[in-house]
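Two complexes come next, and they have one chain in common, subunit A, joined by subunit B in the first and subunit C in the second.
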Partner chain A sequence: MKSYQTRQTVNQVRFNNGLTWAWSALFLLLSIQWQPVSLKMPLFYMFIAQFVFSILHQTLLKSVSVKGYHSEKKNKKVKLLSIILLFGIFSGNIFTFISGLVTLKKSKSTAFIYSIYMVLVDVLVISVTAMNVFKPFVAESFLTIMYVLISLLLFHSFILVFGDKWHGWHNNIKRIVLVLLALSSLIGNVLTLFVAVSLYKEGIAGQKGKRKTSIREKLVRNQAALLGLLFITFLITISVTSNFSFSQSFSESNNYNIILQEPSLIYPFGTDNFGRDVFSRIIFGAQISLSVGLLSTVIPLMIGGTLGAISAYYGSRTDNIIMRLLDVLYAIPGMLLAITIVAAFGASTTNLIIALSLGAIPSYARTMRANVLQVVNYEYVEAAHALGQGNWWIIRKHVVPNALAPMIVRATLTIGIAVISTSSLSYLGLGVEAHVPEWGNILRIGSKYLETNPYLAIYPGLAIILLVLSFNFLGDGIRDANDPHVN
Partner chain B sequence: MVSKKNWIDRWTDNIQYHYKKAYQNKSWRMGLFIFGMLFQLIIFISYLIRQKKSGEKNIRDKMEKQFNESGRAEALRSQLENQEKQKIKFLNLNVSSSQNQRRVEKLYKEESNREISERVEAYYENDETGAQSYLQTTLDWLSTTGGLVLSLFLAWPMYLFLIVVSLPSLHYLIQRLLMMFFVIIGVTVIVFTLLYFSPSDPATNILGNQATPEQVENFRQLHGLNDSYFVQLGETIKGIFTFDLGNAYAGNERVVTTILRRFPITLKITLYALGLSVAVALPAGIYAAVKTNTTFDQLFMLIALLGISIPSFWQGLIFILTFSINLGWLPATYSSTNAMSLIMPTVVLGTGLMASVARMTRSSTLEVINEDYILTARAKGLSEAKVILRHAVPNALIPIITIIGLQFGGMLGGASVTEKVFSINGIGSYIVDKQFIPDIPSVMAGVIYIAIVLSIVNVFVDLLYSFLDPRIRSRVKNG
Partner chain C sequence: MNKKILSFIMASSALVLGACSVQTEDEVNDSGTDTNQNVETTEKVSLEILGMGSNETDMNIVRDQLIKHGFDVELNTQPDYASYNSQKEAGNYDLVMNSWTTVTGNPDYAVRSLFITDGDYSTISNDEVDRLINEAALETPDNYVDTYTELEDTLVTENAYIVPLYNSLKAQAFNNNLLDSESIRLSKSRAFAWEPVSFVDEAMNETETVMYTQTISDLTSLDPIKANDGSINQLNTNMYVRLVNLSDDDQVVSDGSLSYNYAIAEGNEEYYFVLRDDINFAKVENDEAVDTGEMVSGQDVIYSLNRAKNPDSVPDHRTFSLHEHIDEVSLVEDLSELEDINLSDGSGNMLDALGKDLDSPIETLVEEADDVDNAAGDYQVVKLTTTEPFPQVLNYLGHQSAGIVSQKQLEAVNTYDIDSFDLNEDVPYGDQRAVTEGDSYDNHLYASGPYIMLKKNDYEATFQRNPGYMTNSDHSANIKNASVRFISDEDSALSALRAEEIHFLYGLNETKYDIVEEEDNLELQSMPSNGVSYMGFNMDDREVSESKDLRKSILYAISQEEINSAYEGNKLKAYSTLSPLIDTGNELTADPQKVEDFYEAYLENQ
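Coming up: the complex of A and B.
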């Protein structure tokens, strides 16, 4: 009989195995030039490296899935393979890195899993920021930021390696480490907060071996959700650090000497019709996409949630009035409402956020209403009434916290829709102002050069898809973690 | 002759029964009064005459007097006072005596009112007194042939109302249609208000800065821009229902004519996309649910997730790049003479719906498959195909229809993007083009008419529910 932990390990390795093979297949496809048929050599060497790692990974999967394997027992072959696979990260393969770490460590606490992704975010950010080295010049604070990032990487790696010795540390050291971790989230790497919370919770006496019930703990089982979280955190971090590490002049000032250049090391995604570096523009565009997406999710979440809660809690006439009014708003498709608002008040980021928020209010209100209707019937609400507590107090303390989980799931899943709507409107010329590097705007320019320079349209589109896909993976993961049927 | 009388009798009985039932509901009672105004007036007069005759002018006053005199009032008050005192003592509350007095007074009023009403009711019920309530007077009138004919003559709207109220499904339909009507008016108000408070001046937008004051004034006169907010709003609402919204600002064309010309192609693409996505997603989703956790399932769900994550304009561009520019199989832009040019827009528009329907189908089928009645069906020895197709799928259909109804709106809204990518002259691209001017009446009409189409679709989906789900059907029947 295999232990639960062994089973989890095998599942993770199997998941990574598929991704590793897909990753190497991607490089093979990229390395082939179709017309005329030939091979792009640097990419083909990359493919060979990936291929070797994939085969090694396959061997690891094989030796892990045999009957006699237990993740708790020492296994020389697995250990050796894991250590080799760790080096996959230098070839750009994060999946072998994850598998290697997972099979190397005996105890896999929540904090450990999150630390893996925390370190991966650091690695990704450093490698993307390092692309600036090839540019003619770099931003003033580039070096400082690089030092900060590398020292954070070292600190986080230390946590990753020695985090399981946490229980043996002195209390003061624990405190200092927690504070440092929390502080390091300031550059945008929110996963450090997850690690800090997990470490703190594990440190509390009596927590060990307890059933894992919170969403944070259950999410660890779902690797797709974690990968989504990885990409989102990476984008948040890069949008915070890019303000200091990327030079704005490449993304915003026109340079007619270098218009419409092919992708190269200096301009990884080429340049557009004004000679602006598309790579830098996409990096800066992450700020807009993320902030518009988050804001136009949080605002309707608050307003719609409040309206839904009030409407369900008070019922009868209040309910009728609020819901009928929202029905009217619901009858206008979000996209058309946004177009109407833009037609009336002009295209700008603020108007865009207002328009998207307004359109999303009814669906949040409906979700919240349904949840609250369910919660209101529970005994603890009746008990609170019997104790003479006021309506507001009951709503705040008993009803809303217990009705919030489906709202969070819904919010995570709709951030993706908000991101798509933002870029769609920008593509139509109705969203963010045209000069702002926003993904939809970049794509709009790219669509004009589809025949001659298709990469101008492809890369920003890929960025949008990856972001939306990440939010959807994360949302699905949170939903599953929250669903009693699945657990 | 006898049988005919029976027939009439049955009908009068029926009418009386439904009238009584409708009368008991407060809002329906209002309807009866309003729709049968003339007839009700006659009855009211006869009711007053009868009251005078029987000398029971104010039964309620009498009952109240009786209530007070019988000592019941005192008893009730002291009982309530006692109750409050007990409560305060038990909960250790700090309540001043005046506050307490007020509360007792309030409770007393409620209780005494209820009891007096009960007494009045009982008085009417008692045949010996000969007094009649208003309802009984009406029913008396209706039981005579003359009264019936008179009521039919004077109050036929009331009978229509009665029919609607007494047939649950018709009642539901009318209710739904009424709601739709109000939603349409609400949508008009919102869209109009948003555009009305636009800071830009349409006259200078259209005519340019060089326009003379006379020209501007003329323009404003022509489009009724000098009227007050409410007049303009009223004109718009009227225009929406009479299909006459005046001329567009730019280009001397009637707004509604243009919209009607542009609508068919959008509807065509949307419906094709709907058909395509249901045809692909439903079988695939069911198959994925039956073969849970197989490679097909996982791969298919990954593709579906990709499908909801892909922005349609990017998908359209990639399609054009691959199939038109690189491979040269399909035309990149739409032309009405070439049916092949519809393929790409349909697929692009349908992708989102396809993906969400597939996900929904899989999850709802999975939920149903674990129910007991599926086990029963298997135990009966039915074939797997029959178990799935006859027992699982119909029960899994409800949430799927919900998601289709919801996504249809998104599709009509999203059509503007797809239309722009493939340069189709549909309603979506019309709205987008006109908002750049900005041509207010055109944008408004486009948005409102799409919302109306959506509302109709929603009513249709709701009716489909009650048709498909026996639980909803029974809820409709029971009001």
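Coming up: the complex of A and C.
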């Protein structure tokens, strides 16, 4: 009988194994030049490196899959393989890095798993930001940000390596570390908060070995959700730091000397028909796609949630009035409503958020109403009534918190839809202003050059796909974590 | 533990060292970076630019250039023409994106309605501009260059009423495996002529249908005077013959027109046309074009031109302003009258000019259509007088709105009372309902041109050759059946061309030239067009309306070279809407110093 920890380890390695092979296959595909058939040598060397790591990873999977393997016991072969696989990160392979760390550590606490992804976010952000050194010039505060990022990476790596010694630390040091972790989330790396909370909870007496019940704890079992979380956190962090580390003159200012350049080290994703760097545009576009996606989910979540809760709690006439009015709104196709609003009030980010939010209110209200209808019948609500508590108090303290979980799942899943809607509207010329580097806008320009300069459309398209996939994975993960049947 | 800490410190120091190399990279580059910082630039006023989604590229470039010169720019992009126009009429702009195509090929058309006080599209009022436009209109092409140059100087150099952006190329692509390259005409102003087109394999001309395309499927009207837009220009041009035609380089000629010859009498107020007798009207019977046996006569010409110049001849008359210079149209009855008239250029008398190169010389002038017999020397001669000397009237006669219609058929169809006309009940001549498949189909068209429309739906319109059109000359149509596909999206139209769904594509975006050139079975033709894109200023109650210094400051911020490179070198320079027609020698060059100087002057005069 294998231990829970061992099974988790094997699952993680198995999950990464497929991905690392896919990753090397991608490099093989990229390295082949089709017309005429030849190999692009730098990419081919990358493929060979990935291929070697993949074989090592396959060996690791074999070693941990055997019956006698227990993650708690020392195993020299596994340890050696793990250490080698750690270096995969230098070739851009984060999967072998994760597997290496997971097999290397004996105890796999929630904080440890989150620390891995926290460090990975730092590494990704630093490597992407570092691409700027190839540019003719860098932003004023580029170096400062680089130093901040690198010191954060060092700090976070320290937590990753020595986090399991947490219990032995002095209380004051614990406090300082927690505060520092929380502060470091200010650059956008929200995973530091997850780590801080996990460390704090583990530090509370009697918590060790306790059954994992919270979403935060259960999420670490879902590798796809964690990858989604990694990419989203990466985007949030790069959105925050790009304001200081990327120069806007490359993304928004036209330069007619470098029109439609092929991808190169200076312009990793090429330049568009106005000579703007598509790479910088996609980085700055993340800010808009993310903020529009998040805001146009949070606003209807709040409004629809409140209306749904009120409607279900008070019932009868209130319910009828609110829900019938919302039904009217529900009858109008969301996208059509958005197009009408933007066409009437003009293309701008604010209008876009309003347009996308309005159409989503009824569906949130319906979900919340169904949840609350169920919750108000529970005994604890009745008990609260019997104790003479006011309606408002009961709604806030007892009803809403217990009805919120399905709403969070729904919200996470619909952020992806909001991102796609934003991009679709921009693609139609109805989103944000045409010069703003929003992903749909970038894609629209790229689509005009699909045949001659396909990279102009491929990269923004990939960015949209990845972001939506990430939110979907995360949403699925949260739903599974929430679902008593799955547990 | 110690070992771990040691390796950790080593890893950290490696990272820090890595960061140091970043720093040097930055230091090297940091010294010589400020390339895009224009040191002299000062902060300037905020400008609002109005345009359509299709102007996106232009608006982006202009915005970028103005911002780099210190202006604060806000874009107002409207998705379609209707909403753009309502914003324009509401005056919600400082600068508005405009484009103008001189479809008649004459300079008067390029300036009159745009810049004269109270012109159809004019927002400016300047006595000097009015005077120059009217003065130039009276002059012949040899004399008007100086006047138009002076007009351009007043319009742009002195007052900066417009900011010229570029002159476009006109491009068309076709399948050269199927269509004979020699038979495809590319004309500067006139719509594409279908009659010379031929398949490579001439046997296919009788059996196969040639496929053309256009974007708009909703046809304004097939009555030539009731529309002047992209939905019918190509169709009406090929369905109705005119007194004269424009050649590919915009010269007024009689080739392929209703007249054998034309001439201008001394004084530039009288114009004479000698008519052919080998064009009959066609009509549609049982989905086939048939010859009515009715000749396109001088009476039809008089009827057509009189209704063209009279605003009240039909409801929704859209082209009378083009023909407002026509005074009187009549038939000449007395041959000796022609002998006494001297030509405008003093090269001889009218009779000789009209009789030049005719197979049989003019013996008698007849009035009745039935009496016409060119082979026997019996001709009809039309005399047209203008309200004032106006040689450019000939260009308007070559425009599709001056197409000749059948007096008999129009009087038979247009039986409604003009004052109580109701579009829901009355079907006027040329209404698309009469040719649309379905219950309302009742094709009443009488075509005087090389082709006639059989029917249309939302997908395509089908045409057949006019069997009574110049049957014994080179100008009769080669291909029997033609079809016009309605494809609203330009990219889809190009795909259709590549997939051989259509054979000919008229109008092609600059960014697609490469794709067409790379295809083996496609051929690209392009030439400078009469289309000019420019920005107009809001001349009503804005900062830019009051100060010409501010306008000039904006004018010199625009670099046409940069616009051209964004269009991959496929745009030409322009100084005004006259640029494609007249070589005035003016050229707009961006000048940051002038931008600052004029802006300073604007601030001082405030």
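To be clear about the criterion, the second predicted complex is superposed on the first by the 487 of 487 C-alpha atoms of A that agree within 3 Å, B and C clash if a C-alpha of one lies under 4 Å from a C-alpha of the other, contacts with A are read in each partner's own complex, and residues count from 1 in each chain.
Here, a contact is a pair of C-beta atoms (placed from the backbone, for glycine too) under 8 Å apart; a residue touches a chain by one contact, two chains touch by 3 or more.
Bear in mind that the values here come from a model prediction, so they are computed numbers and not experimental data.
Asks: Touching A:Leu430, do we find subunit B (first), subunit C (second), both, or neither?
Replies: Both partners.
Asks: Which partner does A:Leu329 contact after superposing on A: first (subunit B), second (subunit C), both, neither?
Replies: Touch status of A:Leu329: first partner only.
Asks: Going by the contact rule set out at the top, does A:Asn472 touch subunit B (first), subunit C (second), both, or neither?
Replies: Touch partner of A:Asn472: subunit B, not subunit C.
Asks: Tell me the contact category for A:Ser157 with respect to subunit B and subunit C: first, second, both or neither.
Replies: In the superposition, A:Ser157 touches subunit C alone.
Asks: Once the shared chain is lined up, is A:Ile321 touching subunit B (first), subunit C (second), both, or neither of them?
Replies: It touches nothing on subunit B or subunit C.
Asks: After the superposition on A, what does A:Ala343 contact: first (subunit B), second (subunit C), both or neither?
Replies: Both partners, subunit B and subunit C.
Asks: Determine, under the contact definition given at the top, whether A:Pro136 touches first (subunit B), second (subunit C), both, or neither.
Replies: So A:Pro136 only meets subunit C here.
Asks: When the two structures are overlaid on chain A, which partner does A:Pro454 contact: first (subunit B), second (subunit C), both, or neither?
Replies: first
Asks: Across the two complexes, find the residues of subunit A that touch subunit B and also touch subunit C.
Replies: Common to the two interfaces on subunit A: residues 343, 346, 429-430, 451.
Asks: Within their complex, state which residues of subunit A touch subunit B.
Replies: Interface residues on subunit A, with respect to subunit B: 324-325, 327-329, 331-337, 339-346, 388, 416, 420, 423-424, 427-430, 443, 446-447, 450-451, 454, 457-458, 461, 464-465, 468-469, 472-473, 476.
Asks: Quick check: in the complex, which residue numbers of subunit A touch subunit C?
Replies: By the definition above, subunit A touches subunit C via 130, 133, 135-138, 142-143, 146-147, 150, 153-154, 157-158, 161-162, 249, 253-256, 259, 273-274, 343, 346-347, 429-430, 433-435, 448-449, 451-452.
Asks: Tell me, which parts of subunit B touch subunit A in their complex?
Replies: 91, 179, 182-184, 186-187, 189-191, 194-195, 197-200, 305-306, 308-314, 317-318, 320-321, 325, 409-410, 412-414, 416-417, 420-421, 431-432, 434-436, 438, 440, 443-444, 446-447, 450-451, 454-455, 458
Asks: Provide the residue numbers of subunit C that touch subunit A in the complex, in ascending order.
Replies: 4, 8, 11-12, 15-16, 19, 22-23, 25-26, 29-30, 33, 35-36, 53, 56-57, 59-61, 63-64, 68, 75-77, 79, 83, 491, 511, 514-515, 561-562, 565-566, 568
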